[in-house]
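Please find the structures below.
You will see subunit A twice below: alongside subunit B first, and alongside subunit C after that.
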Partner chain A sequence: MIWIDTLVQGILLGGLYALFAAGLSLMFGIMRLVNLAHGDLIVLAAYLLLVLVTMTGMHPFVAVLIAAPVMFAIGWGLQRVVLNRTLGKDILPPLLVTFGLSVVLQNALLEGFTADSRRIPAGPLETASLDLGVVTVGVMPLLTFLTAVGVIIGLNQIFYRTALGRAFRATSDDPVTASLMGINPGRVFAVATGLAMVVVTIAALYLGMRSNFDPSIGPARLIYAFEAVIIGGLGSLWGTLAGGVIIGVAQTFGAAINPEWQILAGHIAFVVVLLIRPRGLFPRAND
Partner chain B sequence: MARTYRVTTRTRAGQITGLFALALVALGVVLPAFVPRGVILDLFFILTMLTLAQLWNLLAGYGGLVSVGQQAFVGIGAYAMFAAVILWGMNPVPAILVGGGVAVLLAVPSAFFAFRLQGAYFAIGTWVVAEITRLSIAQWKALGGGTGTSLPREATGNIMGVDLVRSLFGVREAAARDILAYWLALALAVVTIGAIYMLLRNRLGLALAAVRDNTEAARSVGVDAGRLKWVVYLLTALGTGLTGALIHLQTARISPDAAFSVTNWTAYVIFIVVIGGIGTIEGPILGVLVFFALQTLLADYGTWYLLALGLIGIAVMLFAPRGLWGLISARTGIHLFPVQRRLLGQDQLKGD
Partner chain C sequence: MSILLQTIGLTAQYGDFRALFGVDIELNAGETVAIIGANGAGKSTLLRSITGVMVNAPEQVLHRGTPIGALPADQVMARGIAMVPEGRKLFPSLTVEENLLIGGQMRRVAGPWTLEAVYDLFPILRERRLNPGTALSGGQQQMVAIGRALMSNPEILLCDEISLGLAPVVIRDIYAAMPRIKASGASVIIVEQDIGQALRVADRVYCMMEGRVTLTGAAATISREAIHTAYFGDAA
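Our next item is the complex of A and B:
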């Protein structure tokens, strides 16, 4: 019985990691850009939400509607001004520039908000739970998981049903040919990063409501997100969800055995999956 | 008479550098007699960071293996040294070698894993390996678990060579320990730079450059790219482990968070290499000096210092991807550590 409970909690936790990872998966899938600042951008969005909620007293779910366009603009500008310059055959420039960005964001947030732990107040939602008969689940984790599924469905709809999605896929497959067809890869990439930042804002909402955060926690979230993306396989958003669930389940089972093993168990699951399938579970592209 | 040709990497600038470096090292050895302890500690910091930077540069700049998990080897080297001292009663100085050896032992399985991953995946893979190592070491209760431990008094009071330093300079024990650590750091830096320079000038260096520039072309002329990656990765792990052990011999205190710090042992090191100039031996030397100058100037501003470092790193990567040394070298054509092969004809040989 306890094991079913652990499994369900793990799957729901996986939803949070999939949310962390979806934006990363999007950027990685479309422009092969490894964004080492992704975790810190989630933390930045969480602080943005916190400021909106505490200053205006609005509900966090409303604050997202204001924060998301702001983050879209930040992502769009970041890609146009900085990240587009780093793209190319060499993987070193994007890695190092986003690494630098990560350090800059962490310390700027530290300067602005101090190292104190903060939390986005979510009212009675924080402690509400739902009895499903076999197991009892928290409303918040359940909501997180459903949001993750919703985000992935939404992104897949954009990818496969819209002109923008066609441009994404075309640029991802072959930027040169795509630009011959009148697509400007630089603009497409900027929109992609903007969209990724909208997903980051949604991830930040749940990160901030579910647990305490401070400026230094970004890199740890980045590792979970990356593990989910890599386990899932390049370019597959459903794979990213599966990857998040694997990490989440491994962590809750590790924690059930010994609380100190929670994080370790997640990392070991990552290594084991990659030893068996070096390209992840559902690889789409061939590189 | 048939014309004879010779391939050489020798240049006048290289020879001058060699002489200058010898003089500098000689000065470095006798320096503790003339300067206060604070300077020795600063130099220890500079030398150990320089060694780490040269090693990361070998790995990423020459080997194309962009790792963000080198803190795994700093940490494991340091912990192995502590284990050898605390659990087996070894003297701390020879225990540093244990640190290097254990780092290589860790590098073998982590290479098996990480080499299955390409490019960016490799970077993340090395980071995860470092995290796994940190979390596992934090479970090791005999060495203080998550909070860490210190070298016991008996061990620090009995370090090989400290008595000699005390009688040489007439200083107290703590100062003598710092001088000894400084000498070891100097030796490690010189050996590391010398070894990398030798490596790049012989066949292995040529093969490395070929693989970095075009893996397929290099393979087609018989370069074993896979074996090269292994050699570079293991050598780097060895040097990084030794440096990690030495750094923690000097501090005499260890904790998983400090020993496996991604900021101290990877972020700083990457900035040093990028700002100085990646893919050159001169780059990290220049980079570590800039890094130290920035740190000294901005030390009072705490987080602003890291912020500035990050911004400078980004700016250099965007506008001068070959770093400060790349700018200097492109303007003047000077290579202090020449590794390029040039073909000399007979007439040039005479004048040589």
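Our next item is the complex of A and C:
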């Protein structure tokens, strides 16, 4: 029975990693932009939520409704003013610029909020649990997983059911021909990054409510996000969820065997998947 | 007749290589103009400059007298100048229907061209509408590319080498749609290497060689000999 419990906890943990990874997957899928500041942007959003919650006393689930548009605007501006200038045939400029952004964000957050670790208070929800008969699951991990599935369904709906999604896919395929259709690739990319930052805010909500965070934890979240995206197949959103679940399950099984093995087991699962399927589980056909 | 589109002393270059040397062309309202010439004559560069894919001095391209030479491609398209690019350039991630829809989604103006009208023009596309655009045959892909451009109800339609790489029977089918496209009110510039097809549908012809216009005239009266000379130079 313990193994079923471990499996379920692992799947639910995978939801959190999928949330970390979905924004990264979105940006890579549309712009081929590897955002090394992704983890730090999650931490930035977590601090934004923390400020809103502590200053106004509002519930984190309400605060996210204010933080998400703010983060959308930050993402839109960041892409329009900085990242669009780095895109081109050479993949190095976006890597260098987002690495720099990561350093700047970490230091700015350190100046603003000190190195003390913080947590977004979520009240009774933090400890609530649900008895499912065979296993008992925490309400928070369950909410995280359901949110991850919801986010991925939502993003897929946008991608495949809306004119905006059509513009995303067309611009991703061929920005020059997309511009002949009247699409401004720079604007489409800015909206894509804005949308990615909305997902980042949702990820930050659960990160901040479930665990302590401080200005330096961004890069570690980036690693999990990277691994989930690569396991899933670059740019595939459902693949990203599968990637998150694989890392989550590997970590909980690793921890069940020996608590010291939790993080390592996730990384080993990543390497094993890469050895068997170097392009990930669900690679895009036209990559 | 009013001039819709005009290039004045249009120059263009790729790095150190100069592709256009002061090209002057005009397109009048309701007219179909063919631009013919051998490979490397500068025909496609001319269209790239008009559409804003290549940026020029503003006053080198005029649309209804307004300088548009420095506008980016999306703004040129918003003015009603649509392009059927060389090599079709369908979006692989989009279905046939999505490829058509994206042609009209940024410029929503009332006009004769709707999804249904394009399907009536090319009925095979209705059957294939849920297939990926790039899963179609070359001729069908070309139909999608033309339909995609029409979906914006353009005032000016630019067609770059629409016969390239297609079998003669397929080329004939595609050119059979031209009279309906002209009748819908669009003025058309066709860049072609297939001189016969170009002359059949065009009102006027420009012949280009090595980045310059070497011959211009009415399609009905221009002689094969004159075209031959303009195509290959006096030495040929």
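Methods note: the second predicted complex is superposed on the first by the 284 of 287 C-alpha atoms of A that agree within 3 Å, B and C clash if a C-alpha of one lies under 4 Å from a C-alpha of the other, contacts with A are read in each partner's own complex, and residues count from 1 in each chain.
In the analysis below, contacts are C-beta pairs under 8 Å (C-beta built on N, C-alpha and C of every residue); 3 or more make two chains touch, one makes a residue touch a chain.
Remember, it's a predicted structure, so these values are computed and weren't measured experimentally.
Asks: Please work out whether A:Phe270 is in contact with subunit B alone, subunit C alone, both, or neither, and reply first, second, both or neither.
Replies: A:Phe270 contacts subunit B only, not subunit C.
Asks: Touching A:Leu180, do we find subunit B (first), subunit C (second), both, or neither?
Replies: second
Asks: For A:Val51 in the superposed arrangement: first (subunit B), second (subunit C), both or neither?
Replies: A:Val51: touches no partner chain.
Asks: With both complexes overlaid on chain A, does A:Val104 touch subunit B (first), subunit C (second), both or neither?
Replies: After superposing on A, A:Val104 lies in contact with subunit B but is clear of subunit C.
Asks: Check the residue A:Val139 against both partner chains and state whether it touches subunit B (first), subunit C (second), both, or neither.
Replies: After superposing on A, A:Val139 lies clear of both subunit B and subunit C.
Asks: Of subunit B and subunit C, which one contacts the greater number of residues in subunit A?
Replies: B
Asks: With the two structures laid over each other on chain A, which partner does A:Ala167 touch: subunit B (first), subunit C (second), both, or neither?
Replies: Only subunit C; A:Ala167 stays clear of subunit B.
Asks: Which parts of subunit A are touched by subunit B and by subunit C alike?
Replies: Subunit A residues touching both partners: none found.
Asks: Under the touch definition given earlier, write down the residues of subunit B that touch subunit A in their complex.
Replies: Spelled out, the residues of subunit B in touch with subunit A are 60, 66, 68, 113, 116-117, 119-121, 123-125, 127-129, 131-132, 135-136, 138-139, 262-263, 267, 270-271, 274, 278, 303-304, 306-307, 309-311, 313-314, 317-318, 321.
Asks: Which residues of subunit C touch subunit A once you look at their complex with the stated criterion?
Replies: 51-53, 72-74, 77-78, 82-83, 85, 89, 91-94, 98, 101-103, 105-107, 148, 152
Asks: Flag every residue of subunit A that touches subunit B in the complex, lowest number first.
Replies: It is residues 28, 32, 34, 36, 82, 85-86, 91-93, 95-97, 99-104, 106-108, 110-111, 219, 223, 226-227, 230, 260, 263-264, 267-268, 270-271, 274-275, 278 of subunit A that touch subunit B.
Asks: Hey, which residues of subunit A end up touching subunit C in the complex?
Replies: 163, 166-167, 169-170, 172-174, 176-184, 286
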